[in-house]
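Labels run A, B and C following the written order; every chain starts at residue 1.
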Amino acid sequence: MSSAQDTKQVLDKIDAIRKQAGSQFRDQIVTSMYDQAESITDDVVTRSNKRWTFDASLDYVATHPLLGLPFMLGLLALTFYLTIAGANIPSAFLAGLLMEQGGLAGFFEEFSITIPAFLHYSVYDLLHIATSSWMNANLASFLIDGIYLTLGWVISVMLPPMAIFFPIFTLLEDLGYLPRIAFNLDWLFQKSGAHGKQALTMCMGFGCNAAGVTACRIIDSPREKLIAILTNNFMICNGRFPTIIAVALFFSVFLGYSDALVSLTAASIVIAIVLLGVVFTFVTSFILSKTLLKGEASAYTLELPPYRRPAVLRIIYTSLIDRTLFILARACVVAIPAGAAIWIAANVNIGNESVATHLINFLQPLGYLMGLDGAILLAYIIAIPANEIIVPTIIMLYIRHNTMIEFEGDALHKIFIEQGHWTLLTAISLLLFCLLHNPCGTTIWTIYKETKSKKWTIFGSLFPVVLGIAVCIIVAATWRLVASAF
Amino acid sequence: MSCSGNCNCSHNNYLTGGNTVGLSIGGHSRTIALAGNPNTGKSTVFNALTGLRQHTGNWPGKTVTRAEGHYNFNNFSYKLIDLPGTYSLLSASVDEEIARDYILFGQPDCTVVVVDATALQRNLNLAFQVMEITPKVVLCVNLIDEAARKGFDIDFQALEDKLGIPVVPTAARRKQNLDLLQEAIEAVCTGKLKPKPNIPAPPPDLKEAIDQTLPLIESIAPGLPSARWVAYRLIEGDTRIRRALETGELQQLAGIKLPSSPKPTPPSPTPDAAQNPTDKKQSA
Amino acid sequence: MSNTIQTMILVAIALLLCIAIYLLIRREKARKSYAQLEDALKYLVTAAFDQQLVTPDTLAGALHLSRTAALQLIDRLQSQSLVTFEQNNLILTTLGRQRGLKLLRAHRLIERYLHDEANMPLDRIHAVAERREHNLTDQQISDLDAHLGYPQSDPHGDPIPTPQGQIPNTPRFLLKDWPLNWPASIIHIEDEPADSFQRITKQGLLPSSLITILHASESTLTIQHQDQTIELPKTLASSIHVHAADNQAIQQESYMTLAELPDNHQARVINIHEQCQGLSRRRLLDLGVTPGATIVTELASPGRSARAYRIRGTLIALRKDQASQIAIQPIPA
């Protein structure tokens, strides 16, 4: 008799024992282990009379049935205000340094400082000067106006907000606040048939949707895990934040607010969009729970860890090095080919129009219906690999005929209005579409890895963009109807 | 940051196949697994020892995949594995399986159970389960700075005596006592220190079932170090363990020579398949 | 120029869509006819268990088929030698019985899974299991069995056939035949017709509920369940099976649950209810909710859907329905 059959027989005997052991087996083993653990800790651990009340007092506010939610919103508002108000100046500085004609002159003028004339060059100017004598003009334009410029926009638009947002967010994470958010929002998740820990995966999605989707592993019920994965895209990842912030700033400048109010308005707009994303998450979860993924909210256990003092210096260091620079690197890797593609599309002609113009004209009707335009839609398509480059791509598409713009003061604002002919409707639609569109390439791949289902991956990729198009069309139509009535 | 930010993406599907047992333990590198309840500071210990930057955060479930790193100590190279936090090794949910499979099938030279000094009672439950699987365990009582702040006073010597395994109090974030931890790991790896885990006896009601099962396991896997744990799992009906015994994977890991297995299981006419004509009908 | 390209792209997309839809329909048809065959076998197995005879007409009624469709189906069953005819009655062959039992086993295990692990409501699991039962391999079924801890019965209380094809037969009685004032445990509620199942469960009556019949009239039974009295039409009572309640169940009923413990109070755990099985039971055990452990209620979430409890030195949030599965004894302050 072979040993394999031997083994099989023995295992069958064990099976017979199993049937006699009864259903309380697990209960008894765990109980015996806990009893032992209890008796050991009773012997080795003593607690001094010192009362530790910090956790309890903070939790009193942070999870208070009435105060808990306002407290949470307040924290969110503060985070965004700091991010936007703080990012303004470094953004302008980087744009001046890297791209504007006349270098930092414009930036310092704002503060009534004049810098010597020999410093009136940005890196962009210098590159042109350095290459003009020996490089083929077309090649130089390809490298500088195409690739370098896209990179420059990515850096100046993305770096500052992220460098501020991440440390603040990590501070809250290290303090132990995230599980409290999940606890506070639990009733909403329960009503929408979702898992309470979905709040945690949403928080991760704030950083990056791909990370958010992977984090869904902490949800052990398969139905709710799928819901969490499919709705994670409604959380604005850091790749989309710069777009939202840029458009929100445009919005408040457009409304003509004074400087002091601009950051405040922009922060409110960002919060509104974030909250709208949360609303969409709940509504979608609810609808999924009632249709495709029917079921009730399942039982779950959420540990609320004790608050721990955040290690502030380490946080600043790691969020800068790990997250900010890492994302920037990723964005740059995508921005280089994208910049090249845009330049080629803008400079290669079919008939007497460039390829880019053909594409933009093709997309224009849909863009118009949605309150956007063809260039913005094209930018979204180009940016599927990484959402980070949406704003830079839009800019590059607008200025494709004329890269040598006199940037001064609020360059972005100028481009949007003068080249893109933006209106308030454009800004609103862009904000909405930025919230509601397909996940980036990495996220789609992660959804596939986690669900191992082509069907759900396709659903998760298409559903948000279809929703986005529908919402934008409805909003644009309503807006135009109301506008024409006045 | 996402996925590609952590170094772990490429490894996370380890052990999906049946036969990926593992890691050839090359002559010069020792493998150390970091296990423990969620949020006890495993990733922080990992970062402090390897100098890598696994993400950490104060909430349970931050790490969901396996990560690897290296460090050197006394001219020896150690491979450190950061595992997802788990409340138990008995439950068999996905994250727990990653941890359980690694401790059992990855055959680390030493498993460090990182526990939270402020919630020792809950954490010891998992430590016992790891001690059931392998005697090569070091208990790292982390977060002693927090415990001191909250007025906990722990007698580590008494704890060590009661558990029968080395106990090292640490504060990983301040890198406090990590050298002691490395020494304890080395001692267990080299065999200089032979832990004698003191595990709770099975509850009286189940003693009979276990006593019947143990000799049966002994007959197919003589000298298996984790026999009692395997008995628990078999009586609870863990198919993964059952299959590992059937294929001889478990025996192989424990270095047990199977009596005689000239060829692998013959594929076709086993008595089992003959009793199940439904099978053939189905596939036809 | 761009116009012609646009039209061509649109036409191509439309064509692709048509092809995809056609393929889907074909696959669906094949799946349906296979499922129908298996459903017939399953029905025949349950009928045999209940010692009922099946004619082509009863089969047609049970599977909601026309008579001709039913006859065609029976032809197919016969040609695969799964059933034979005896007079006008359909009799399963050994082969047919085995396949039917396998399917019944898969069906009830899936129901168990959906209820315990996926937390689907009781009245929905039957329909979902109907769809999923057809494409499981033997290996998958036995893995599922092991994963669920070898359950004896499905969530409606129906016994699950063993891998060897035996159906355990426990003594059970119809509720309408049960004596007055004698505590009984519900062991089974017939899941079809779905409507009466829903009407019963809406009253809070579930498998393993403890009940006592207080009064019986011509058409209704008056039943005590927990602290409410329920008027149950006798027609419904005939789809409920009961057996005598054991002492433990009677005792259990008298304990308070964790959900009822006021804020900032302490209690000792008695046990976790029998109804709480699967993943959620394992989780509670892992976190230290074992008999004798002390629990303190600490925080209540907005909306009070969940509360955080201090268990073994850690703070754990549980939803209300979970807390109501834990029997406790309050410790006076």
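Everything below uses one rule, namely that contacts are C-beta pairs under 8 Å (C-beta built on N, C-alpha and C of every residue); 3 or more make two chains touch, one makes a residue touch a chain.
This structure is a prediction, so every number in the text was calculated from the model and none was measured.
Trainee: Which chain pair racks up the highest number of C-beta contacts?
Mentor: More C-beta pairs are in contact between A-B than between any other chains.
Trainee: By mean C-alpha coordinates, which chain is most distant from chain C?
Mentor: That would be chain A.
Trainee: Quick check: how many Å separate the C-alpha centres of chain B and chain C?
Mentor: Spacing between the chain centres: roughly 36 Å.
Trainee: Using Cα averages as centroids, what's the distance between chain A and chain C in whole Å?
Mentor: Distance between chain centres: 41 Å.
Trainee: Where in chain C do residues touch at least two different other chains?
Mentor: Residue numbers touching two or more other chains: 149-150, 279, 282-283, 285-288, 312, 314.
Trainee: By residue number and range, which residues of chain B touch two or more other chains?
Mentor: 88, 90, 93, 118, 120-122, 125, 236-237, 242
Trainee: Which chain A residues touch at least two other chains?
Mentor: 18, 26, 30-31, 34-35, 38, 179, 220, 303, 305-306
Trainee: Could you pull out which chain A residues touch chain B in their complex?
Mentor: 2-8, 10-11, 13-14, 17-18, 20-21, 24-26, 28-38, 40-41, 43-52, 170, 173-176, 178-179, 197, 200, 207-211, 214-215, 217-218, 220, 303, 305-308, 311, 314, 318, 321-323, 326-327, 330, 442, 446
Trainee: Any idea which chain B residues touch chain A in the complex?
Mentor: 1-5, 38-39, 53, 55-61, 64-65, 84, 88, 90, 93-95, 118, 120-122, 124-125, 128-129, 146, 149-156, 158-159, 162-163, 173, 200-203, 205-206, 209, 212-213, 216-217, 219-220, 231-232, 234-237, 242, 245-246, 248, 258-266, 270, 272
Trainee: Can you tell me which positions in chain A touch chain C when the two form their complex?
Mentor: It comes out as residues 18-19, 23, 26-27, 30-31, 34-35, 38, 59, 63-66, 68-69, 179, 182-184, 186-188, 190, 196, 220-223, 294-306, 351, 358, 361-362.
Trainee: Could you please specify the touching residues of chain C with respect to chain B in the complex?
Mentor: So the residues of chain C in touch with chain B come to 95, 98-99, 102, 137-138, 142-143, 145-147, 149-150, 279, 282-283, 285-288, 311-314.
Trainee: Flag every residue of chain B that touches chain C in the complex, lowest number first.
Mentor: By the definition above, chain B touches chain C via 87-88, 90-93, 118-122, 125, 236-239, 242, 276-279, 281-282.
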